[in-house]
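First chain written, first letter: the chains are A, B, C and D, and each begins at residue 1.
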Amino acid sequence: MDPSTSLLEIRIRFCETDLMGVVHHANHLVYFEAGRVDWLRRRGITFADWARQGIHIAVIDASVRYSKPVFFDDLIVVETSLAALRSYSVVFSYVMRRGEEQLAEGSTRLACVDTHQKLRPIPPDVVRALRSPELPGSPSGAPGT
Amino acid sequence: MDPSTSLLEIRIRFCETDLMGVVHHANHLVYFEAGRVDWLRRRGITFADWARQGIHIAVIDASVRYSKPVFFDDLIVVETSLAALRSYSVVFSYVMRRGEEQLAEGSTRLACVDTHQKLRPIPPDVVRALRSPELPGSPSGAPGT
Amino acid sequence: MDPSTSLLEIRIRFCETDLMGVVHHANHLVYFEAGRVDWLRRRGITFADWARQGIHIAVIDASVRYSKPVFFDDLIVVETSLAALRSYSVVFSYVMRRGEEQLAEGSTRLACVDTHQKLRPIPPDVVRALRSPELPGSPSGAPGT
Amino acid sequence: MDPSTSLLEIRIRFCETDLMGVVHHANHLVYFEAGRVDWLRRRGITFADWARQGIHIAVIDASVRYSKPVFFDDLIVVETSLAALRSYSVVFSYVMRRGEEQLAEGSTRLACVDTHQKLRPIPPDVVRALRSPELPGSPSGAPGT
């Protein structure tokens, strides 16, 4: 697998469905975020790190293409990849699958901002971590979400 | 109406339903909270006030009894009342109705804590506001939630 | 105002924020949906209508651009417009504002599917309603969400 | 461990926090539900089973006591137990822990209803399954929720 990609399993919750009997479409952004958090953790980046450096990460755009309905209790996989890395922002792309079947894909652009919502360059050590593969011994069976 | 009671209309959102075709039961706590926030606003208490005094309000227990299913697009009313006021905590009770029909009822106990999660007495001016009726000219047709 | 546009006020809920102190980005899709449901209601289209005709409306793609943070208790306006209408799908676009300030914009494409998730043309009477302005006497002060 | 108890690990999601920096209190009902769904799956009961028999399970009351704040990225354990089993309803109790530390506890009562929301006795084979321990070979490391 591409070193810029990581996989996270997620079990679909009852409350994530709607009256159509399928997962409500806003939840896909939640699954993408869970994939992204896990992707970062596998490269040694945690939210605490950002906070300690006084930086915040804000989602500045997001898009999703929905191809198949997702159902309660499905065990899905979110495949998260680093798609672009610039001075002030980073793009992650996502593919959601159930077995071999692709359910959705999407991407989000995130930017570094300080506490006054001003753009700041991504710190060098974060850039290094973003460019690295999963750390050896990354928890591959970690509970989804 | 009892001066310790206020009403808030809420329109049920699509995403709040689940695959049973009715509102998912965790949302009732969200509607109660919306009722409570509105109740406080009508007595001149806003979240900004709490924050400025360095206090936080934490929910320490909650209970809900569900009597009727609630549906997408229903226009419900949350009736929020102050049920008890002690030095360190306050209890609100709630009744949810659709027209004359009672849908659910419940209560939540909230406590004042400082930033280290230590209990603190409710400040005197907040106690005064909690004991007061709605301010004259309270927005009665304010958008729900 | 353009007859293909309608406005909905929404009060931001406490639970819609995240630990950054601002509205979590997945909620924007929820606000857009509330705007869309209200847009349809103002033209005489309700979910019950769809259901009676055995058709479902599925979101097939969605995108959001976030320009400003949104805060707890903000009173925002979602401006929903019909952006495109084809045989099998319809695109709505959205602008979210707080006063004069634009907070976000986005769009969603929806398609008609039957109970087997097969694409179906949008029924003629729905097309007619989608092309019409708000019905006279549409509730303009309806509780948001 | 008591045969009427099962454990589920859950990783706390970013979007489950609120502006207080901790998990929003309505989410505890979501974690309890995830624990209950997993408890049932480990005894061979799936939602599909209920649906096939034309029965629905509705939450008729719920209560939560919150003792400690829960944080983003915490890995918690939900301990779900069958607390009471009657002809028409069943009570589950829950304890949420982070390591040795108890975070919250609660319970929910669920009742069998048919599609017209009328109470129905719990079917005999479901009663049998509710009284049984985890099936041998139950997936103990299954991704949380």
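Here, a residue touches a chain if its C-beta (ideal position, glycine included) is under 8 Å from a C-beta of that chain, and two chains touch if they have at least 3 such contacts.
Just so we're clear, the structure is a prediction, and the values are computed from it rather than from any experiment.
Chemist: When you check each chain against chain A and chain D, which touch both of them?
Modeler: B, C
Chemist: Just grab the chain with the largest centre-to-centre distance to chain D, centres being mean Cα coordinates.
Modeler: C
Chemist: Pick the pair with more C-beta contacts: C-D or B-C?
Modeler: B-C
Chemist: Where the CA atoms of chain A average out and where those of chain C average out, how many Å apart are those spots?
Modeler: 25
Chemist: Can you give the whole-Å distance between the Cα centres of chain C and chain D?
Modeler: Measuring from centre to centre gives 33 Å for this pair.
Chemist: Using Cα averages as centroids, what's the distance between chain B and chain C in whole Å?
Modeler: 27
Chemist: Got the chain D residues that touch at least 2 other chains?
Modeler: 14-15, 26, 30, 33, 72 - these are the residues of chain D that touch more than one other chain.
Chemist: Along chain A, where are the residues that touch chain D in the complex?
Modeler: Spelled out, the residues of chain A in touch with chain D are 9-11, 13-15, 30, 33-34, 37, 41, 46-47, 72-73, 75, 141-145.
Chemist: Across the complex, what residues on chain C touch chain D?
Modeler: Touch list, chain C to chain D: 14-15, 17-19, 21-22, 24, 26, 72.
Chemist: If you look only at chain C, which of its residues touch chain A in the complex?
Modeler: 20, 25-27, 29-30, 33, 56, 58-69, 117
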